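In the two complexes below, chain A is the common chain; its partner is chain B in one and chain C in the other.
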Partner chain A sequence: MESLIKPAAFYFFSAVAVVTAIMVIVKRNPVTSGINLVLTFCSISAIYVLLNSQFIAVIQVLVYAGAIMVLIIFVIMLLNLRPVESIMDKSTGVRIAAIFVFVTALGVSLAAILTSGGISGRSGGITDEFLAKTGTIQVISRSLFSEYLLPFELTSLLLTVAIIGVVILAKGMKVRKKTGPGSE
Partner chain B sequence: MELTINHYLVLSAILFSIGTAGVLIRRTGIVILMSIELMLNAVNITLVAFSRYQQQVTGEILVFFVMAVAAAEAAVGLAILVVVYHHKKSVDVDEINSLRR
Partner chain C sequence: MEEWIIDILISLAKTLAFFGVILLWAAYITLGERRFASFFQNRLGPNRAGIFGLLQPLADGIKFMMKEEIIPKNANRAFYLLGPTLFITIALIPWAAIPFGDTVVIAGREVKLQIVDLNVGILFMIAVSSIGVYGIMIGGWASNNKYSLLGAIRSSAQLISYEITMGIALAAVFLLSGSLSTRDIIIAQMQSPWHWNVFVQPLGFIVFFVSILAETNRVPFDLAEAESELIVGYHTEYGAFKFAMYMLSEYINLITASALITLLYFGGWGIPFVDLGRLGLSVNLAGLISVIVFLVKTGFFVFVFIWIRWTLPRFRYDQLMNLGWKILLPLALVNLFGTAVVALLV
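Let's turn to the complex of A and B:
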């Protein structure tokens, strides 16, 4: 019984993730796409729980389903976007190229995965039993604040640069408006 | 029945391909951004799966950084879309061709 629950949960959440991901790209209304993407992120979070990586699962819900999707849906509502007439209104060449890229990307990656002989290499020793004793957050943060301290600090720099960039983009809009049309 | 790493990798490959298709077929800038988020998430599944099956923690830390980059990318991308909308009254990426003229 125990050995059946995990695969069943995996197939259920994978199916939800794939179906909602397809909904994201085929729905004509951007708001519907956004709601479906929230469902995709929540199913992926459940997949992380199945992988015994609870910290990433919580961060997934907080950052993606919480922050990023609220931002995206806020912008959709702010711009008052109407549903498009058709999702496949690109030129025929682009359409063929899109189908070609989709089939090739899926085919190559599936072939690579299914013909590989599994993972090899040195095991890190952080087993599920070890994680059950210490918890994922402790293991991750110990590594993050010692081995990966420099990348972690650089991330704060990246976020600062992103904030400054967004402020400049929003401010620049007002300045251009003040000088009137035709000044670009 | 045991879940192997291939299960997670196949799921990731399918989600990544759907995201790629979304970026290519859609013209609405916001849906393209959402498809990019989908592709980043597919990569995150791969990283966590490898990390857990190798019994390491490195992949999960990389996921942490990918999420920070995704947040920055979403913020800047949406700000650019808002500015484009103010100029063109549309977020259709096929109409953003000012540099081609």
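Let's turn to the complex of A and C:
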């Protein structure tokens, strides 16, 4: 049973991911595009589950679908954008360039897949049995807090800097005018 | 029968039973809420359909189904219909990870009274409820009505703000139990009532309780449907069964919130000072008792939510944001830091 369900689920969710990803760029209503992107994230998350990475799957939904996309759609709704009639430049030059880029990207990915010997991937030390014994979160946190500690901490520092920067930008000039201790 | 057929049948039975119980319960909370509201306001409330008005939810259901389905002319039809559908679906999904009780033995195999015991159970529930906001946003936006849009925007801003506080309050619980699985968190509190997280994490509990109150969009945090300013907020344009779906999902979210409080802070299905395993009961009887205990505790918190709703006035919007970002978030961070230090030293 398992051998049948897993590939079927994988192909189903991959198809959903690809179709909704295409919808994101094809649809003219920005809200429709946004919702389709959410669907793409959710189906990618389902693929993570099939790969036994429940934690990554949940974080994918929590962060991308549940937080970032909510903010983006929020802004689209606030601006109340109307469906785009035509922003596309349909001149021949642009079309030829688009086809060229598409064919090149497709060719590069196909070449990468074919030369690496199929899409089966390499198997490392983290197998299903290993994950069942230790748990996915433990595996991730162990590598995050030992091997990748410096990049991890640097990333959090970068995010803190970004947050502070946003607050200062949002507050505008008020910060500069007030001087001395005690001012916000 | 083959093994996997039995497995699938058991899972299917559990899923249907869970969803049946939840939907029925949510329907009856509407009655409970109205009866308690009447009690608090010194009036009678709906008491005509059946004894104590027990058939009222049924009558309401029939009424909602019989009403004319109206779709506003300027609404975005597809999204307008998607809103409530999405909202009720997402409201039901977290129940996949909530344990109703301990284990029972059916057909010679041990069955957990939980649809799936996920390694990342609580995170899964938080993630799913974080997409729940789309039901509100889509509904409010697609109605093409200023009040709906304002309600949806208020509601989603509130949900996003309080999700952060809730997550940090939860992180302290994860630190103590060393797991994200709902079952493990309950088992970690089993030793005695003093091991319940409400006593170990009093500050965390207060922060979590206020945040989840805001997450369920109820008084004093029901700014999304402040009727004096916004009519009813994001579902202003919804009538008939679509409105019933929104209302039902809000009550399902209420039960989910109560169940979360029970399992995270009040020991799940544990009875204070009684160890069910040592009483010498049969496994199935103990399992049944654990279900009843869990339902009673959850029901109590549902009552607390109703109690709060009919007792407190509503916050102003700036008060809501100040409370979330300037008071609760620092408190949650202090709590997490303190818990981490203590967990490291002890």
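Criterion: the second predicted complex is superposed on the first by the 151 of 184 C-alpha atoms of A that agree within 3 Å, B and C clash if a C-alpha of one lies under 4 Å from a C-alpha of the other, contacts with A are read in each partner's own complex, and residues count from 1 in each chain.
Here, a contact is a pair of C-beta atoms (placed from the backbone, for glycine too) under 8 Å apart; a residue touches a chain by one contact, two chains touch by 3 or more.
Keep in mind that this is a model prediction, so the values were computed, not measured.
Partners chain B and chain C fit side by side in the overlay (superposition on chain A).
After overlaying the two complexes on the shared chain, residue contacts for A:Met77 are found with chain C alone; chain B is out of touch. By the touch criterion stated above, A:Val19 is placed in contact with neither chain B nor chain C. With both structures placed on the common chain, the touch criterion links A:Gly66 to chain C but leaves chain B unconnected.
Once the two complexes are overlaid on the shared chain, A:Val38 sits against chain C while remaining clear of chain B. In the superposition on chain A, A:Ile164 makes contact with neither chain B nor chain C.
With both structures placed on the common chain, the touch criterion links A:Ile137 to chain C but leaves chain B unconnected.
Shared-chain residue A:Val58: touches chain C; no touch with chain B. Of the two partner chains, chain B is the only one touched by A:Ser3; chain C is not. The partner that reaches more residues of chain A, of the two candidates chain B and chain C, is B. For the pair chain B and chain C, the least inter-chain C-alpha distance in the overlaid model is 14 Å. When both complexes are aligned on chain A by C-alpha atoms, chain A residues 55, 59, 67, 71, 78, 136 touch chain B in the first and chain C in the second. Across the interface of their complex, chain A is touched by residues 1-11, 13-22, 24-28, 30-31, 33-35, 37-38, 41, 44-45, 48-58, 60-61, 63-65, 67-72, 74-76, 78-83, 85-86, 91, 94 of chain B. On the side of chain C, the complex with chain A involves touching residues 4, 76, 79, 118-120, 123-124, 126-128, 130-131, 133-134, 137-138, 141, 149, 152-153, 156-157, 160, 163, 180.
The part of chain A that touches chain C in the complex is made up of residues 1, 31, 35, 38, 42, 54-55, 58-59, 61-62, 65-67, 70-71, 73-74, 77-78, 80, 135-137. Of all residues in chain A, those touching chain B in their complex are 3-4, 6-7, 10, 14, 17-18, 21-22, 24-25, 30, 33-34, 37, 40-41, 44, 47-48, 50-53, 55-56, 59-60, 63-64, 67-68, 71-72, 75-76, 78-79, 81, 84, 87-90, 94-95, 97-99, 101-102, 105-106, 109-110, 113-114, 116, 118-119, 121-127, 136, 139-140, 143-144, 148, 151, 155, 158-159, 161-163, 165-166, 169-170, 172-173.
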